[in-house]
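Chain lettering (A, B, C, D and E) follows the sequence in which the chains are written, and residue indices restart at 1 in each chain.
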Amino acid sequence: MIVVDDIHKHFGGFHAVDGASLEIRQGTITGLIGPNGAGKTTLFNVIAGVHEPTSGRVMMDGEDITGLPPHALFHKGLLRTFQIAHEFSSMTCRENLMMVPGKQSGETLWNTWFGRKRIADEERALRAKADEVLEFLTVGHLADHKAGQISGGQKKLLELGRTMMVDAKIVFLDEVGAGVNRTLLNTIGDAIIRLNQERGYTFVVIEHDMDFIGRLCDPVICMAEGKVLAQGTLDEIKANEQVIEAYLGTGLKNKDKVGA
Amino acid sequence: MNSAVKNTLLFAVVGLMILYTGFAQSWNTALLILNMGLISAIMALGVNLQWGFAGLFNVGIMGFVALGGLAAVLTGMPPTPGAWSAGGWNILAAFVFALLTVVAVVMVRGRMRAGWARSVVIILMMIAGFFIYRALFDPGVEAVEAINPALTGFLGGLGIERGIWVALAWPVGGLFAAAAAWVIGKTALGLRSDYLAIATLGIAEIIIAVLKNEDWLARGVKNVVGLPRPAPFEIDLQNDPGFVESAAGYGMDPVTASTLYVKLAYAGLFTVVLVILLVMAQRALHSPWGRMMRAIRDNEVAAEAMGKDVTARHLQIFVLGSAVCGIAGAMMTTLDGQLTPGTYQPLRFTFLVWVMVIVGGSGNNFGAVLGGFLIWFLWVQVEPMGLWLMELITSGMADGSPLKAHLIESAAHMRLFTMGVVLLLVLRFSPRGLIPER
Amino acid sequence: MDFLNAFIALSNFVLVPAIAYGSQLALGALGVTLIYGILRFSNFAHGDTMAFGAMVTVLFTWLFQSWGISLGPLPTALLALPLGIAGCMLLLLATDRVVYRFYRAQKAKPVILVIVSLGVTFIMNGIVRFIIGPDDQRFLDGERFIVSARTFKEMTGLEEGLAIKTTQGITLITAVIVVALLFWFLNRTRTGKSMRAYSDNEDLALLSGINPERVVMITWLIVAALATIAGVLYGLDKSFKPFTYFQLLLPIFASAIVGGLGNPIGAIAGGFVIAFSEVTVTYAWKKVLGYLMPESLEPDGLVQLLSTDYKLAVSFLILLIVLLFKPTGLFRGKAV
Amino acid sequence: DGHAKEVKLGILIGFTGPIESLTGPMAAGAELAMTEVTESGKLLDAATVTPMRADTGCIDNGLSTSNAERLIADGINGLIGGDCSGVTGAILQNVAIPNGMVMISPSATSPGLSTVEDNDLFFRTAPSDAREGQVMAEILQERGVESIALTYTNNDYGKGLADAIESNFKAVGGEVTIVAAHEDGKADYSAEMGALASAGGDLLVVAGYLDQGGLGIINAALDTGAFDTFGLPGGMIGDSLPTNVGSALNGSYGQIAGSGGEGIEKLKEMAGDAFDATSPYTPESYDAAALFMLAMQAADSTDPAEYGKHILDVANAPGEKIYPGELAKALDIIREGGDVDYVGASAVELIGPGESAGTYRMIEVQDEKNVTIGFK
Amino acid sequence: MSDKPYDDRGNKDLSLGNARGMGTAHPVRQGGRSRPSPGGPFLIGENMTGGYGAGPDILHDCTIAVDRGEIAVIVGPNGAGKSTGMKAVFGMLNLRKGHVKLDGEDITDLSPQARVARGMGFVPQTSNIFTSMTVEENLEMGAFIRTDDIRPTMEQIYDLFPILREKRNQAAGELSGGQRQQVAVGRALMTRPKVLMLDEPTAGVSPIVMDELFDRIIEVARTGIPILMVEQNARQALEIADKGYVLVQGRNAYTGTGKELLADPDVRKSFLGG
């Protein structure tokens, strides 16, 4: 569904992504792992149109989407969440969700002046949907709270909730689990699986929690230093020498403690 | 105190101040302040759209206001006899040709492969285009400007000068400003980093330079006077026996009655415009569109990822806000009855409007409107107050003492000083303005 | 063909004035860019700061002149300059204390400081006019020319004259000295480095034991010196009139941005780019071409690309083009 | 109500803004005339004349009209102003005409104002620039100048004057190599000077202001050696110019509205050190104020509708010539039914639609002083 | 953003200002004095409660301490307030309650600069180098408060991180993540601190460099400098720690020796990934 072809992304002299190629198949939940700074988020940003790649191409369903701006990708069904929550802090949680769907007639100025009836109807439907999503994420009681004032974990939930407001084809989740308590993370995991199975969303998940990855993801891709290091099932990945060296680690040389 | 009560009170205070002017000075002064206050409020509303809702910092308000003024000339003035045939078509042809050249260059740029050959062709085309353009343009301009330069020497306008139709200039002024804003926004908002402020600052200067130097357009610095106006002329009223009679009915002499009548007519028209714009702005704000704008303001990256075209929305609101300023500019020029390009100064038309918005309350339409009235009132009334203050201070001094003379003479400079103090005080103690955004 | 005369004509009407004007703009832009780099906002009040510093200098110059003190061929104003700088420093420190410090403590965003500086502009504007009045003030004395056009012609026997004014010479020399001093200060001294560090990362500067208030204070002091020097040089070379200093703001900002905001080298380069573009693009080449071309080909017209009415527009278009291709300005500014 | 004890005259000029440096002496000049009359006690029934200052900002229509309204509300009997032609038009259209207020501008010289429909309410003691162009062309021709470069301050005054000079000079067979505008109050005039020098010419005519861009242009021209002689229209004539420029200006010449040295000398004497009577438009301001008061006396009324008709009478012949400092005498003559021909400080002679006819004083700079060398 | 009065309303205009590098700290005001307060560990932030500016409290009665010759490690989920706690100890935010004590003195009222002078060194989690300055200048800035000869210390640092010697004249912003981290630690060591605070020194660092860094940190600790450190690589960090704190939502959730925490099933389950 998504084909990433030899993407390079350089910041000044620094090669954040350095020739990554990978393929994401329709209907899968792909895990993306790798050490801090491996370039995972940067790769996401390139695919999602936030960064223009230095070179390389991104294809979606056979169509070249390299360099398309994020809003255009959104309308093609490509959504993403942020590693550091990007909530709209002065808006309520409900508004955060209600603003998501594209092509709202109320977003055209003309309608705000002359099509108020239609907007009112649409808004009612949106509102119901937003409340439903909030309930699903167990944060229904926060609907009228400013999003800037909820906890970090709740912001993460809100991020996920936004992807549920529309019919996405593919969703990129950047560390949804970070800072989310484990029980909640399980709920999120369930939600992801349900969305995947019932609505046919394709997911790409960056996560450092191997249990979570193991529960959700079939193909797992490991990146390091801007390149794809290995690809396969989690077990294959876990057994991969290079991955162990670069990511999973072998432990310390200096095992002895200081004071002791 | 509840905020609605507070806001009503604030408006009431400004209203009272204007009323007080009416009683203490004259109703003509009060109404004039009201009229200019209405125009200022509209300008502030436009700037508030840009700054308050989208964080766009427009320092070229002056330019858009001036374009509105140009619209008033181009719609209102009668066409200069013979100007079009003398050179007008030449000028038009020059513009069409310039446009064609640009299109051709763009096409060549698209068709040819990048390389020095393309660069050479493009440069050659541009040079040739420039000379042909000048060859068409210059004689046309010369011919137009030669027609009775002391009085006309320009193309003139559409000659819409009957009654309320004159007000057509206002939306046209909005269109002019919008078109300019589109070009500026396309360029500046399209730059990889945002440089809107310096771009608007510069373009405003350029617009004024064009207005000052292109005499064929609107007489340049020679000014266009005697613009038609939507309200009747006082003199006509004074000579109209019917009017004089009814004025006498109210116990007023015809002069006062006519001046008040005309100002009231303007006030009515301006109020209608302000209310329409205010309602439109409020409706837009409290709608999914407004929600989207707030989202963009909060977090551009996330809004972009949620499918909102941030640049397009910024462009949209920049164009709209500028158009509102253009409308106000056209209204002001019709009120003045003349276009004087030399009067457009950034201090008065850009920075003062900014003070209005900030003091009134950015992000709140009513705040901007309040700021417009209040600051205009101060701008006009600070001078007599300053003089009074200086007289008070110097009352103990000997007559003819140089210090006293100096202080009294400096009273006029108190105006800017006071505006600065007001701005700083508000930013300090009520940083979000008198009527803050909710 | 007469290269020499052509070159002298070009120097006289383009190079020399543009270099002097460029130096003045560069000094102004340096102040703007320092504030942008370290205090992080565009200071709209810079023009009026220049006016204030120059005003104090003018007042002291008059005092010295009335005492009969002079510098011989050099303008007395140079003697009064340190006092002007001191006066300007006091003003800026007071302004910072009364106005800006509060917003810094509130972590106000740069654009708020821009608006605040607008208020400060208004106030300074009022103060300057209140003290010295709105008129043109003359305070130049001493020798007017290093070489006047007439002496040059007599000396060389050329048809064209080359004039270099004392003030132009002083402007250039002062600018060079000031710029060299500033660079030495920023790159070599501990305090200078701490200013760069603060500009780079305020929090980390704090963690390194750098006192932010001291950095801010020193910045204002340097800005006061730069502004006063620029203001006085400008006033000497042209004339002192409060209103023109406000007008200088646009070319100064254009210079700072073309060069790359926050970058001192950029500010200098920007000053010259703007000055040269103003002078050259609207220059009428008739005279120069007249010397260069064979007689038969001498141009009739003025050979002027654009009328001087649009000189500001030109420098502005150059600004936009630079930003289009180099979003951080000619020299890498603070922008991303 | 012709016998009010207090007569109020508004002085509505740009105390702030681009010509703020000119307006101080202008106001002082006008006020001098008022003090003179008040002290004489001869106007109407020993009325006191009170000046009321207000600001136009020179270029701020909104402010000007507001202030004009305010002055009218304060009960002024006549309006001296405005200063810049733009705001003058605005005040006239929006305030003076509707309110039937008489307005005498000491400094608005735009030819455009000559043809404005003014209901006989607008006068000016400054001549229209059209006339000056003619005079200047003649002077240039007499001196054998064949080609000139021309620069003007970019406003209605400068533009109008430049147009007039250009067309008149061409009409007498001269060549105008370039006409370039300069903005007042700008940072630098090197670009303009480059263009002017390149175009060349026997001399450079500077249709600007002596303490604004005009001075900058002259300095730039002298500094670069581009021109050493200058043609100086009225806006450039004033003591400060030769003082500021120095000996290099010697030999430059021009003209300024004004008849004979007598009027202006008297004004200078009266002004003493209080203000600079030779500052541009200061004599005209004195005269504007004087005309108001003389006309009031003639009409025996302070009502604009009444005295407005008398302005032309007192300004023009026949009658006894009146110079500055002689207002008391003039008031006496009028009271006794005599006729006066007010000459004042600027040789007032109102023609046509009520503007100064324009006798011009020919000036040449000699020994760093403006010297009158004749009249035209 | 109606909560913040001096907000920029989303303005990103670069011709007006540049917020990059702008301070976020609301540091303790200058001019405060320390008071003797003998006893207790070498460095302790005691019962700290506070947050950023006028915002909500982030820390709630939180205590962290380190004693001579120890490595103390703070772990916890993202946003728990670990970094905030570190900043609070360093005086980068105003505490509403609680005390900070160093070496028998109560330094709660001292400004960060004064704390540097007292011998505290801090490597923050993000933007911990001066990107526009060279490596050497970065180190010089670390020694800003020192008046003695800094060359020997600099040599020591170059010996500790040899790669930095090679890159001494390169702008620090051009270095790779791991190298930046070394510059950051080096900068802090240049003060010759009596106590070193590190906020996630190994974040964004490849495992090899990470191991290297850990080794260096242990080396530094061996020279007798107590180290207070936040780590996301909790397991490795706790292995070398003498003392461990688990923070959750600004509160001390678990405290113990590194071993104890590693052994605690709750801690393992919630924070160490089972």
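Everything that follows uses one rule, which is that a contact is a pair of C-beta atoms (placed from the backbone, for glycine too) under 8 Å apart; a residue touches a chain by one contact, two chains touch by 3 or more.
Here is each chain with its UniProt name: A, E = ABC transporter ATP-binding protein; B, C = Branched-chain amino acid ABC transporter permease.
Keep in mind that what you see is a predicted model, and the values were worked out from it rather than measured.
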item: Chains touching both chain C and chain E; value: B
item: Which of B-D and A-E has more C-beta pairs touching across its chains; value: B-D
item: Intercentroid distance (Cα basis), chain E paired with chain A, Å; value: 30
item: Chain centre separation in whole Å, for chain E relative to chain D (CA means); value: 74
item: Centre distance in Å when chain B and chain E are each reduced to the mean of their C-alpha atoms; value: 53
item: Chain A and chain B: spacing of chain centres that average the CA atoms, whole Å; value: 46
item: Sites on chain A at which at least two other chains make contact; value: 89-90
item: Chain B, residues touching no fewer than two other chains; value: 55, 57, 193, 195, 197-199, 212-213, 298, 409, 413, 415-416, 431
item: Multi-chain contact sites of chain E, meaning residues that touch two or more partners; value: 1-2, 5-6, 8-9, 11, 13-16
item: Complete list of chain pairs which touch one another; value: A-B, A-E, B-C, B-D, B-E, C-D, C-E
item: Footprint of chain C on chain E - complex, ascending; value: 5-9, 11, 13-27, 30, 53, 90, 92, 112-113, 116-117, 122, 124, 127-133, 137, 140-142, 144-145, 187-188, 191
item: Of chain D, residues touching chain B in the complex; value: 15-17, 20, 24, 53-55, 57, 59-63, 65-67, 69-70, 72-74, 84-87, 89-90, 93-94, 97-100, 110-113, 115-117, 119, 130, 154-156, 158-160, 163, 181
item: Contact footprint of chain C on chain B as seen in their complex; value: 55, 57, 187-188, 191-193, 195, 197-199, 201-203, 205-206, 209, 212-213, 347, 351, 354-355, 358, 409-410, 413-421, 423-424, 427-428, 431
item: Contact set on chain B toward chain A in their complex; value: 280, 283-284, 287-292, 294-295, 298-299, 301-310, 316, 320
item: Residue numbers on chain A that touch chain E, as the complex places them; value: 12-14, 35-37, 89-90, 146, 148-149, 151-153, 178-182, 209-211, 224-225, 245-247, 249-255, 257-260
